[in-house]
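Okay, got some structures for you below.
Both complexes below contain chain A, partnered by chain B and then by chain C.
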Partner chain A sequence: MTVAHGARYYGRTRWALLTPLLAFMALLVIIPVFYGVLTALQHNTLSNPVISFAGLQNFAKVLTDPLFWHSVLFTVQYTIIVVAIEMVLGILIALLFDHHFLGKRFLFSFIIMPLTIASSLIAVVSTLMFDDANGLVPALLRGIGLNISFLSTQRAGVAVMLTDILQWTPLVVLIVYAGLQSVPQDMYESAELDGAGYWQTVGHIVLPYIRPVLYVVVFLRTADAFRTFDNIFALTGGGPGTSTTNVSVYIYTAGFTNGNFGVGAAASVIVLILLFALIPFATRAVRL
Partner chain B sequence: MKTKTLFRTALALTATLATIALASCSAGTSSGTSTAHGTTTVKMAMNSGPEADAMQKVATTYNAGQGKKDGTRVQLVVVHDVDLFTKEATEMRAKSTSIDVYFTTTYLIDQHKAYLTPLTGIDTANYYPNLVKSLSFNGKLYALPTDVSTYVLLYRKDLIDQLLSSASAKQTYASVAQSVLGHTMTPKPPAEWTWDDFIAMAAYFTKSVNPAAPTTYGSIMQTQNNPENIPYWDTLLWSFGGNWVNAGKAAMDSPAGHKAMDVLQTLANKKLIAPNSVNANYAQVQAAMSSGQTAFAMQWNAGFSQLNDPKQSPTTGGHMGIAPVPAGTQRKVHVQALAVGLNKYSQHQDAAMNWLKYLSTPAAMNQYAKSGGAPAMPAVLKENAAVDGAFTPMSQYIKLYGFTEPVPPNGAKYQLFTSLAQILSPAWAATSSGNQALQQADTAITQAWQK
Partner chain C sequence: MAVVDRPNEMSTRNILLAEVDGSGTKHSPHSRRQLARNAWISIVVLICAVLLNFPLIQAVFESFRTTGEIASGPFSLAGGLTLAHYAEAWQGAGSSLPHNMLNSAGIALGSVVLVLVISSTGAYVLTRLGLGGQWLLRAVVSLRLLPMIFFTFPFYILFGQLGLLDTVVGLIFANTFTNLPIGILLLATGIQSVPLEVEEAAMLDGCGPLKRLWSIVIPLMKPAIVSTALLTFMFSWCEYLFGLTLSVVNATPLTVGATNFVSGHGTQWGALSATVVLSVLPALVMATILQRYLVSGLSLGAVKG
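Now for the complex of A and B:
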């Protein structure tokens, strides 16, 4: 095989190997995104089956709606808080599991159990936990003289965040723990010989070593938390009032409750653009 | 692996993905109904709960009898109501043929009617005329009412009777009323309550106000941000003589609107209602009542039989009373219907019409009532008064006090429900200004009336 022939052959092979992925992307990403953008440019409502071109009217409607910006603000707050807490808790728990102790395997299985449960079911369990009338947590707090309403306007945000943290911290634990297994044992030994304490070793050696893993987890959790729907919808429906309405609930309400698919699609496109900002962070993090 | 093998593997993967995609598309657009042995299967969507259970019994009877003569078999597709309306919205927009008969309501019919075939040959004389009117446009009926729903006052008869028969309890009641309303009151039977009585009673039955109260809170209100709670608010608004519009202009920010808002904010501010009122709708009210946490509540009529059944609700079973909703300057109550309509794109129009015609007969509705439904036919409700203790009073309240909200010129009634719920619900919970919420509600109404 000549060099030129080989290059051409490998070029074809490369494209052939990429074809399934490209076909998959076309089916599941490019076509829906294209259709979403198209819908965003249309007067497309449930009550009127005739679809007409709307230009940028739907985008203008979304961008001038105070509830949309409220939902963006809540989404950003929600994302920052839950991702930060899940990362801290997840890393600490993973570090704990990086030691040998009795019942480690059982406890680890127990810790990651929430990952296997549907989010909507977790939200139902949370409702039963936080409900003012019949919930376990308010009842326990009442027992010690604290009358706290978790699903009130002031605290419903805390309740949905706690639910997210309960469900997704285990994912951080799982991935960080896997990352910790790749840290060579001799790095710990060298650090110990140099007189470094445990937390110094963790802070200066272990965490920097698994930084790409941490970036990936942050990226995955940020994207997921930004798009959270089932947890909030099942627990508070975006309320009380609109206090826990995030962008996903806003889009759902616009599209399915109000039957205005054009406005729902426009809000989705805006959210997509906002989320694009995360992609360079992720690609840089995994050194693509 | 050699390059040729890799190339072939890639092609095989592509082909597999394409096959899966085509199969998915094919499954998504198939009609879902079938014709076998000369029988056409009609698929009807229903929301889960007592209505679907009752309708299943009617469908079973039809399939075993009249359905055989019609060559039609009915199959229910049961989905939880929020998911059902989402699924239906998607099916309708896609002009899908997978569901032949859609589930709808008087408040959703404006959104749904474009996808429904007007029903002909239906005898509407047996139904409540207002509900038939709510489901009709330009003289054409777009959906068949299956259930009638209205709000009633459900109360613990044992607790209220105790108060009404005790002189010392009446004294406590008077002082409690003085503390929350600024004037003394005498307890009255629930059928005579005004909203002031409701507030005073809520205070009397709230432990933090009256430590001797047998319940933690007097009541629970449906003040969740939920479009379906707008009829709840409207019942209060109408009771003070209010309306969404007056002479074509938005009228929520009116003396009636402010009085209605004051009632809810007083209850919330003075903590006379269960704190989960901000997240409450039908289910939460049932839970608060059946657990004995609250003494009374304004609730959908459907809640009575469950709360008064000792098997389902051991605490309240046999102790429940029913009365009309409290009065403001007048007594008014929202009335609505659950309904079913024929999918315009169904491939089984005739078969679906056979079923709907059967469903419109008093015989079918009689069985529906006996199985747990609340048919929108007054004569059938009367005939089944013994089946559900709410049927007779409900019929009376609908006749005396029933109203339905006006339809905006743009037809988007449900969209207005959604906007109003978003605007008003924080104020109902007294976490935002009532005045501002009423002004914003007027803006939303004005926009709906301008379109």
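Now for the complex of A and C:
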């Protein structure tokens, strides 16, 4: 006999217990999804209170806008670059943590600190950090003879990617390190007996063993980097010009800055569809 | 059997339920000699940690330097240290920091309560009382992969109709929505870890489902509750997009207030840095004290996503 079996005696209670979840889902998921799709099909601007049916005009507007495709391209570049760098750095640091060394506990707390800080605040401080006159980063680089203006049109992309890397590499460290704890000790021992060096052991035995964990981290970071908004908007606002406008900033600018909800909502529906391309990865990731 | 307890997921689940706090060791028993030999690792990791925390370090550094020194160059410390920027950030003319902090605290605490109520009852019914089950659990958990920007327009319209624009309650709803998937996920896993026999015994004694949840299951899954509360608090405290789109003045959270500071005050780096340091502290201190729950919540949440 199980608890679930006995549940039929409490039919009404269990529905009552499920009510908060169902009510919340109806109010904040089902109605909004309906509103979102509806808005995408309407002429709906902040300046004109009269809402009328637009058919697919908003979608046509977005799909023929060169800036939209520019933002898609920037988003894809951004995602590939930051996820690749975060994975490599994160795995290397996690491998270091898999040794015994002085100050390990303290350094672990120190290294995961960026995870507890708002991305928008990291970006705000980065305006200072990258500032030509006062920032420590340009000053240090000048010290080794490099004169780089980070918030210029050419370099702003690098600056926003750096804020992402600084903040999210620690998440890769944390999850990969947790995965490394599951590698059995005798795997290392037998590899050593077979005469394998450290990097051979890591490349052929350890990383393949924790592949499911690596898969999940790549998937999570890809999904998050693709839709990132906070760090870019707070650091550059998508500029200078439109050089750091990714899809999220494009949607925000269309909807809230330019006040055209219909176009913004249409663009967000298109991005949602683009994200569905990631679903095959998602299903593999949760199956593990 | 519910989704979170499928046998082929057990291995990964066990991996991450193992305590991870940086103290683990698995290579040969450590000795002083080994620690000395691994001194280079301490140094390399320290350098990585400093680089990754560079924005925060710059903010702390700048917040204690006098305005004169800031003007005279990025490294100058000649004029000594000052707390003036903190006073200015907290109570200077036009400072909205205390107001914003109060808003953020209200939003974060409200979201914690709402997430705990909805996800503990919801997860209990879905995992133990055989209602909704797999399908609903999967639906809720996969919500967190949706881009939140999609929801800004419908929330703006809906909250306008409900009179919730620019209110703390509105932002509590938005943040509860954001954190519900991870809450359901962590609490469903927590409930699975409570042995069925304990509940069956209580049931034979005539305990109803609500009483079993409240007086047996919840006390037995305190770690999952703490993880959920901590992550919800931290993510709500750090939330930016909904704060930006759903608040104007009254409900503005810290994250939005601090970014307004940049555009509103030009390059008052000292006061800006002090504002950021004060904004970061509450969540940072809490997460550091409860680090064990932060780590288990983040890694379990990642793997179950």
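Going forward, the second predicted complex is superposed on the first by the 251 of 288 C-alpha atoms of A that agree within 3 Å, B and C clash if a C-alpha of one lies under 4 Å from a C-alpha of the other, contacts with A are read in each partner's own complex, and residues count from 1 in each chain.
Going forward, a contact is a pair of C-beta atoms (placed from the backbone, for glycine too) under 8 Å apart; a residue touches a chain by one contact, two chains touch by 3 or more.
The model shown is predicted, which means the values in this text are computed figures rather than measured ones.
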{"item": "Chain B versus chain C as contact partner of A:V271, first or second or both or neither", "value": "second"}
{"item": "Chain B versus chain C, judged by how many residues of chain A each one touches", "value": "C"}
{"item": "Touched partner set for A:V88, first chain B, second chain C, both or neither", "value": "neither"}
{"item": "Touching partner for A:L56 - first (chain B), second (chain C), both, neither", "value": "neither"}
{"item": "Touching partner for A:T13 - first (chain B), second (chain C), both, neither", "value": "both"}
{"item": "Partner chain(s) touched by A:T253 [first = chain B, second = chain C, both, neither]", "value": "first"}
{"item": "A:F261 touches, of chain B and chain C: first, second, both or neither?", "value": "both"}
{"item": "Partner chain in contact with A:M25 - chain B first, chain C second, else both or neither", "value": "second"}
{"item": "Partner chain in contact with A:L136 - chain B first, chain C second, else both or neither", "value": "second"}
{"item": "Chain A residues contacted in one complex by chain B, in the other by chain C", "value": "10, 13, 17, 20, 24, 27, 131, 133-134, 255-256, 261"}
{"item": "Complex contacts: residues of chain B adjacent to chain A", "value": "3, 6-7, 10-11, 13-14, 17-18, 21, 85-86, 89-90, 92-93, 95, 110-112, 114-115, 220, 223-227, 274-276, 278-279, 284, 287-288, 291, 293, 411-412, 414-415, 418, 422, 425-426, 429, 431-432"}
{"item": "Of all residues in chain A, those that touch chain B in their complex", "value": "9-10, 12-13, 16-17, 19-20, 23-24, 27, 44, 46-49, 67, 131-134, 149, 151-154, 156, 236-243, 253, 255-261"}
{"item": "Chain A residues touching chain C - in the complex, by the definition given at the top", "value": "1-4, 6-7, 10, 13-15, 17-18, 20-21, 24-25, 27-29, 31-36, 39, 89, 93, 96-105, 107-129, 131, 133-137, 139, 163, 166, 169-171, 174-175, 177-179, 181-183, 185, 188, 212-213, 216-217, 219-220, 223, 226-227, 229-230, 233-234, 248, 251-252, 255-256, 261, 264-265, 268-269, 271-272, 275, 278, 282, 285-288"}
{"item": "Residues of chain C touching chain A in the complex", "value": "8-9, 11-12, 14-16, 18, 20-27, 30, 34-35, 38-39, 41-42, 44-46, 48-49, 51-56, 58-59, 61-62, 70, 73-75, 117-119, 121-122, 124-126, 128-132, 136, 140, 142-143, 145-158, 173-174, 176-177, 180, 184, 196, 199-200, 203, 208-210, 212-213, 234, 237-241, 244-245, 254-256, 258-259, 261-262, 267, 269, 272-273, 276, 279-280, 283-284, 287-288, 291, 294-295, 298-299, 302-305"}
